[in-house]
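Look for chain A in each of the two complexes below; its partner is chain B in the first and chain C in the second.
Right after this comes the complex of A and B.
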């Protein structure tokens, strides 16, 4: 069989190739730069050279892994609270129409608040309650945008669960909460997994709140990366290594949730 | 019926503490002369902060910079996003891998993206200006007149995938019948796209543009990573201006007032868009 190559399919393939190169080349170039010596960094076109690990040693010494650990801790706590509260709320909204459309709109509205509005109250409260040396303010600040997103996301997944499932469980003698926890919840577990990973990346990626609210000595990852930009001039090699450390985990995570993300968005967010 | 409220209670409580309370407190701050540096209790000054910021040319400069940024970035993202989503929908070979790869940038922390491009586009050390020089073009990406556009292009790199994600979800939920009908009637591909696909995609497209615009309004990391508002105040965006006023100059009252002016504009935008959306879905 002879496949006819229409100009459209050529244009389509070309577009995807250009897009793929635009996405990958900058990151590959930064990865390359993280193995260069300061002298080699002055030659942007240098591709083949003797790699050295000095930059990597330098970022590890500066405590980048500790910062990553703190970011992971903040993200894990934020996501744990958001998933528990969000799945209960999303179920109430999906199955019982709790609060009507006002709740749905309120959730979306909470998402659009500029961080600049909320950050100063968090800051003054952190000082007033003497919490400014802890991660509590950052976690609350992250909850303000992670919880609405996760709830919104899960509504679509709960919408897809047939109501008869819960009714059957009630007939079998389950309480309402037990029916939710033991019968309905397992049905949306994949959705919860995707929502949790997505929420994790949102928290992991935030710099604005972390910069202002996290303790200055014990920074979270995005702030630590930015520090290579200002501290004693720009340390390009070390900064490149730090960027790669921040990028790799979320890109791997994104590979796993990409398919469900399309589903979650077409279920919850795009429906009006 | 108490069950539904009990289930909703945790979300409402946390949202109340993490959003409702700070929002009210910020409104209070915007009406006082609160400074981080002063020890005494803040004085109530009424609308003084609002009058001050609304007559401050720096704030209007920040607003117009942000407007340019949002319009350039979102317009490019919409066109590119639609093209890529249409291409991806037809893509069969290495389908999941291609999608995952093209969506990857939206998962990267924006500060890392900002620093990557600061480095990549740097006049002396960056690969792109070096490549341009070999073909005889000299272009300063962060120079006067260019910097704001460069920031918008960084936004396009990171957030076109978000557009693709939403539009792909929208394209895949378009019912088959109208497409089949158009094909049976012998409509050309271009006609089908303009008269069948695009109208059906409009609600999703509107939501995508809305979400992207709202997010682009919050731009902070790229400015912080690359230009810090310069050259001059050419790339000072609202979020960066608020950060400077509040954190570097400690004037929380004024900073909160700026934030509320922004919020008022955002809310107006949303209400207008919701109205249009309802009208188009009623048709």
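Right after this comes the complex of A and C.
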């Protein structure tokens, strides 16, 4: 048997390989670097060497896990608020055309603002309310982009739920909110799960707000990573180890939600 | 049990009038069918009664109580939607028991009653399945079970049979009627299918353009349609409608064909309506009508006629087909007393005798 390869399938396979290598090679290099000594780091092409754990010991000592814990806490609170408010908002937009047809995409409009525009008001309010030593300002700053994205993401999932389900529940003796909670919400649980993981990684990855709004001594993860860029130069090995700690959860999460991610993004984008 | 009344009920979307000041009485314990072509306002009327659609004007009462401002949950109605609207995340038993969750019924009690209802509908063996694992007919039964478990004051049916295939539709129609009669609960049933309306209803309300075209018992509407619209909408095959004039015991269509009538009145301008069953055919080589096509339905046959440009249909016994083959010329006559007459301008019924 000879497998026939059309030029298209060859081109497609090539393209996928290029894309995959573009993503994985740097990650692989970072992973290797985290086990290298400073001298070995000067040779980027070095693949076979005696790995050592000095860099990993260095980042643990620097409190990277504590920073990761803070980042996780900030992301978890942000996502919890976003999922509750976002699911209600998304249903209102999907079923009741709340705010007219413009809301569906308009809700993402704030995303075009550079974070620098928002960070100063957040900082001023944080000081005025004496919240500058807490994570509340970071959480609110993260809500400013996680909540709209989660809401937008969920609209497509709610679009797929027939309106008659809510109406049926209302006739069956329930209030609008009970109908939403008991009947509509369970239909979009997979979407909410995906939205939550997606929102979590958005918050987890943010460095800018964390740098300016989080308490100076108790940094969140991306800021802690950046801290390895010291006045003596970049501690490349330690930074590599820290980056792996930051990236692995995102990679695992993306793997679990990849299908829903496509569904949410295309569902939210295609239907009007 | 309750009587339902529509008093001058109106529905507008912006400047479009969907339902135009209609008055309907749904007698206690009866099954009333709202029937009409799509866009006639029948579904909107039902949804206003359910509380899913706001009322623009007028009053709806259930058992003497005005329900205009009430939420659906406070109206004590149960509804079966066209797509059944079963809750996909619940099992058959949980679906049927669901309305009881809104009441003070304990969970165990609710499930026990749901099991009884499921058994009575022949769903006893399927109670742990999810809706997606059921056939259309079974889903339909679950929807009915969910509607009857709470024993509401009023049942609402929004085209509940139109997603079923023809055979199942006839069976389910019969079952629905039996359940409604047994429980004696007032039912309002919306359909676009006049045959469903004719066979099921105690009372039938024919709607057109947001108004009631005619209401009454189905046999009465069939026997004395009060307009050309009702006459052609109700009955299958459709009533023949011919414009023309009456002179000398004969109807002369404006297209040239002639139909013998029993009546000896003169009328310059009139619309004649003849049900296909009442249009009698006599082969006559000099006849002005010609058999264009014959459709055999078993014991009966539909004969399509070309009568000088008027296209008419007649229903005849199949054993008469030997002398009614395609191309044969025939004379037309109306069974005595079976002609309907309508005013050519208003299209309303007129009595000539």
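As a working rule, the second predicted complex is superposed on the first by the 260 of 272 C-alpha atoms of A that agree within 3 Å, B and C clash if a C-alpha of one lies under 4 Å from a C-alpha of the other, contacts with A are read in each partner's own complex, and residues count from 1 in each chain.
Following the convention adopted for this analysis, a residue touches a chain if its C-beta (ideal position, glycine included) is under 8 Å from a C-beta of that chain, and two chains touch if they have at least 3 such contacts.
Note that this is a predicted model, so its numbers are computed, not measured.
In this overlay on chain A, chain B fits alongside chain C without clashing. Contacts of A:24 after superposition on the shared chain: chain B is touched, whereas chain C is not.
Shared-chain residue A:51: touches no atom of chain B or chain C. Comparing chain B with chain C, more residues of chain A are touched by B. Of the two partner chains, chain C is the only one touched by A:174; chain B is not. Once the two complexes are laid over each other on the shared chain, residue contacts for A:86 go to chain B alone; chain C is not touched. Within the superposed three-chain model, A:69 lies out of touch with both chain B and chain C [touch as defined at top].
Legend: residue contacts after superposition of the two complexes on their common chain; A:164 is shown touching chain C, with no touch to chain B. Once the two complexes are overlaid on the shared chain, A:16 sits against chain B while remaining clear of chain C.
For the pair chain B and chain C, the least inter-chain C-alpha distance in the overlaid model is 10 Å. When the two complexes are laid over each other on chain A, chain A has residues 176 in contact with both chain B and chain C. Those residues of chain B that touch chain A in the shared complex are 3-5, 7-8, 10-12, 14-15, 17-19, 21-23, 25-26, 29, 34, 36, 83-84, 86-88, 90-91, 96, 98-112, 115-120, 124-127, 129-131, 157, 165-166, 168-170, 172-173, 189, 203-204, 207, 211, 214, 217-218, 220-221, 224-225, 238-239, 242-243, 246-247, 252, 255-256, 258-260, 262-263, 266, 270, 277, 281.
On the side of chain A, the complex with chain B involves touching residues 8-9, 12, 15-16, 19-20, 22-24, 26-27, 29-30, 33, 41-42, 44-45, 81, 84-86, 88-89, 91-93, 96-99, 103, 106-107, 109-110, 112-125, 140-141, 143-144, 147-148, 151, 176-177, 180, 201, 204-208, 212, 221-222, 225-226, 228-229, 236, 239-240, 242-243, 246-247, 250-251, 253-255, 258-259, 261-263, 265-266, 269-270, 272. Taken in their complex, chain C has these residues touching chain A: 50-52, 71-73, 77-79, 81, 83, 85, 87-89, 98-99, 101-103, 146, 150, 156.
The residues of chain A lying in touch with chain C in their complex are 162, 164-165, 167-176, 178, 182-183, 186-187.
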